[in-house]
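What follows is subunit A paired twice: with subunit B in the first complex and subunit C in the second.
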Partner chain A sequence: MKIADLKKYSKQIIVVAVIVVVCIILAALKPGKDTLLSMTSPEMQKMIDADKSSSRKRVTITYNSMLIINYVSLSTSGANVMSERYVGFLGKVYPADEGAMKVVGQMVNYSYRMLGIGENLMHGAKLTILLTTLTVIFGVLLGTILALGKISKKKILSKLSGAYIFFFRGTPLLIQIFVVYFTVPGIFGFAWRDFFNAADTEAVYKGAFMAALIAFGLNSGAYCAEIVRSAIQSIDKGQFEASKALGMNYAQTMTRIIIPQSIRRMIPNVSNEFIMVLKDASLVFAISLMDITTISKNIMTSEGSYLVFIPALVIYLLITALFGFIFDKIEKKFSVYE
Partner chain B sequence: MSDQYEYILKTEHVSKSFGSLEVLKDINLSVKKGEVICIIGPSGAGKSTFLRSLNQLEKITSGKIFIRDELFLHRENDHTVDKLPREKQQELLLEMGMVFQRFNLFPHKTVLQNVCEAPIVVKKEKKDVVEERARELLARVGLSEKADEYPSRLSGGQQQRVAIARALAMNPEIMLFDEPTSALDPELVGDVLKVMKELAESGMTMLCVTHEMGFAREVADRVLLMADGIIAEEGTPEEIFTNPKTDRTKNFLNAVLEA
Partner chain C sequence: MKKRIVAALCAAMMVLGLSACGAGNAGGQSAGQSSGEDKPAASTIDVSGAKLMSDGVLSVGCEVGYPPFEDFAEDGTTPIGYDIDIITAVAEKLGLKANIINTAWDGIFAGIGVNYDVTCSAVTITPERQETMIFSTPYINNYQAVVLLADDDRKVESFNDLDGLSIALQKETTSDILMSDYKSTGTIDVQIVANEKVTSCFTQLQNGEVDAVVVDSTVADGYINSSDAFKIVYKDESEPEQFGIAMAPDNTELQKAINQALAELEAEGFIKETYDYWFGATAAE
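Let's look at the complex of A and B:
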């Protein structure tokens, strides 16, 4: 069984293995940080050495290492303004102050920053992925409850769910975020950062993330409710009748018969919702969180680089492709019985 | 539970309307334990609706339903006048197994899981006990080797036999069959009828809505002919098939037997 599985995927395994081996080789051939720094001009070297023995730093060194390629940028402040950049790739160091190598260097630097490498979880691509994934999980759970409420025979439940869905689909997500982040603490007299240790310098971001997650989850719940509801209602009425004829009550019928069958039908729509949330996640800029979009806009504004949006698009596409693949696998797993 | 009862199932004046359409009109039927009753008749006569009303899949508009001589449900003009307490109702309903025209197996569960599901979930029986019984039932319907397949891999006839095993797993006292062979290819009908026949011979009380005249003739103790929401004629297979009294029965039998 196991070996047969491996054989089925042999092509994919070979492709992945080749990519991994190539990456390992390229990573091994990548020049180290010291090699990059040793290529700098004598003047720059002198200032770096001077910095070492002084408490006053005049050289800013930015070092970005991304698996197979790395990039260093040095700039000085004060009277003697200099700036130098180098790209390291395949055992060689290339000056990156102009021409194609300048673009390559910029791309490495921008990608590095947007991916949030070396930063905490609430930064760049990590923030986007974390927020989106948690939102969709929360949204599907809440959506299931709302959907069961909506189709319930109890009028009050049905009306309440309907009102919830109407509200969250009928107002802008951005304002919902504002309400959760500003209005709710304003009314109840607390701040989101209070939920975390005051000594934690990240407390304000963690608080903002929590608020964002709540707003996104509540919003996504409304959209997922419709997804779950239509999936449940697409199940053949005969399934309810068979369950009832066998003596199962409503809860047993739902949890054991109807919802397991609905899951497969809702996966394509949940995948769609995931992609929508992924892109909506950029709205967190409004409460001081730095996601991919916000970082790219900041780079554009502060450094005037119009190329920054290209790696941003590539990163979004890669995330979409990765999760598209994951959702495909989940759907296959739930389709075994068809 | 006491076994002292005259009729396992009895209906008095059962009527059912969908809006202004009267599907069942004043149906009276008494079923004794061990009886096999076949309900035949033209489509739209209310046969399925009657069967589904017994099982509470449809709510009757008015009339009384007795199970084991106890008044199970009494309704008048779409309002419940009297009924057993909920738990007692639930308990008695478990004594009725139902087999549907469209099988309605659970597609996401294997054959064995389909059969075991309700005894484990509803009756809280031990898994290994139920599984043993389920395998015996599957052997009885001739599908032992399909236990771990999903229903989609089975033919219609095999699916229907699994559905019968699934209903039997709850150890019902009475089995309701709602046109169990109508959705099957002709060559698959025989296997299902064979299982039903064996079941009848084993003493099971059965109520079958069917278009299989041969089966009705051979297996039934009593045949009911329903037309336009009433029982047009009732009698032994002999009486109905060889010596029909009403024109309705004659017309119906002519139409069916000529085809």
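Let's look at the complex of A and C:
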């Protein structure tokens, strides 16, 4: 990056640097897990000790550490119901069973769960981002092939691509997910999790994720095909003619002249598609994966807390903002061709 | 729409995750109602003090789609099932006509006293729910059960034996709460695959995506009755759950009348007979 560029962003850089430094300081001052756990009441401690020798444990200990703040909750199940919550912030531990600290604790816990921290890649925000990104990449690649097929002069190719697009745009994504995950293995007698090591306990989620990715990719391909086709066809006909006059063949014309120019025209629509997929990703609830929406809905039904939707919205907006920024950069980069 | 959101919100708070809700489609049980339809109401129980939405009719909120408790017959419109038989007989005892109103599980409790008089839809009696509604005496006992594929020779003698397996269950049901507790307390390490519908759990089991299904024993009995692909290997009889008919907290007169009707039906052997019809005589305790 040139010095001039850096200067342009100097204000932003200072703000980011200050935030980072403050976060580091706050993170260093946050009490540790043991400090939080040492606050537990003697009754709870007794339950924890009893659990050590029992085959049916009763105490659930949740520890959520998020950068500058951390949260511990201890709750018991069975006849003797107890629960205690603590929030650690800036070297102090606050009880979080009621009042404002309770809300703070809930926010930390909900965000932690929705971001999927401490979980595998197929959980929460990680799942949403991973699935959306892979889907759009796959969709654009497949869409380009389909678009070239559709505008091809070969009748069969054009008809086949048209039929594919017609099928995948004309049926609901949810049903496509069901078909890929339930119907196809049912008919052909395989299980998605068999593609992974049987000893791997996460295999069932990986299998479901693979099925989801296939369904999303195939579906997105159809939408992207139309995006790519419209971008290609929006390029002036004169460009084709000029390439032909220069002696380029069809493949050269496409790869060197037309597609580079059409990318810029595609970006806004692909960015749209990306945001659509980001939100459609919540459909994975149907095949037992947990994305941001599903987790927030679960929290809502099990705890009756409507506050959970606030961090959910913030997380979605952050993801959209991040990718909106990336798409902006790509668009700028490709606008040099025009 | 707004109303629905509010209703869903209220219900969600009431439910607090404890539910025996859901839907399924075991099929195979499309026969008509079992019995008791044309019995003359010998002694009508007095319901003059009870609050009813319309005279002579007991309107019942029910999430039709949870066989064998409630499901539509093959014509797609007639509700049939254990709950339907029970509530129809109860209404008859009270000298009323039962009117089944199909409603979504989300918000089913918010509709009590608004859209219908009572809810009879495989509702587990829980202390949380008792804070916002009152229940009749229980009319069936339910346990948590583990279902495996019929050709699986794994030994499951308690939930602890599910250690290391992948299990499917219906989201936000008692099964979900119980197994999540086993997992979060660190009792066992189990992969929980939570589904919206109980039918998805059984499809996953059949396809081999999961190793076992944890579900209400009554629902499991229904599945075993209609398909020999599955078997019940374990029922947790230490913690029975009881299903009751729910009504508005100020409707104690109705509660009294319904309890009396249930007691009479029990004495006449009607409840046992209906149970055997829907769940199979072998499933009876």
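A few remarks follow.
To be clear about the criterion, the second predicted complex is superposed on the first by the 314 of 338 C-alpha atoms of A that agree within 3 Å, B and C clash if a C-alpha of one lies under 4 Å from a C-alpha of the other, contacts with A are read in each partner's own complex, and residues count from 1 in each chain.
Operating definition for what follows: a contact is a pair of C-beta atoms (placed from the backbone, for glycine too) under 8 Å apart; a residue touches a chain by one contact, two chains touch by 3 or more.
A quick note: this is a predicted structure, and the numbers were derived from the prediction, not measured.
After overlaying the two complexes on the shared chain, residue contacts for A:Gly247 are found with subunit B alone; subunit C is out of touch.
In the superposed pair of complexes, A:Leu317 makes contact with neither subunit B nor subunit C. Once the two complexes are overlaid on the shared chain, A:Ser77 sits against subunit C while remaining clear of subunit B. Here subunit B and subunit C are compared by how many residues of subunit A each touches, and C touches more. Of the two partner chains placed by the overlay, only subunit B lies in contact with A:Gln239; subunit C stays clear of it. By the document's definition of touching, of the two partners only subunit B reaches A:Val336; subunit C does not. Subunit A residues in contact with subunit B (one complex) as well as with subunit C (other complex) do not exist. The touching residues of subunit A, counted against subunit B in their complex, run 236, 238-239, 241-242, 244-248, 252, 256-257, 260-261, 264, 336-338. For subunit B in complex with subunit A, the residues that touch the partner chain are 55-57, 90, 93-94, 96-98, 100, 102-109, 117-118, 121-123, 150-152, 166-167, 170. Contact residues on subunit C toward subunit A in their complex (touch as defined above): 9, 12-17, 160, 164, 166, 168, 171-172, 177, 181-182, 184-187, 189, 191, 193-196, 200, 203-204, 206-210.
Subunit A meets subunit C in the complex at residues 51, 55-60, 62, 77, 182, 185-186, 191-194, 201-205, 207-208, 285-286, 288, 290, 298, 300-304, 306.
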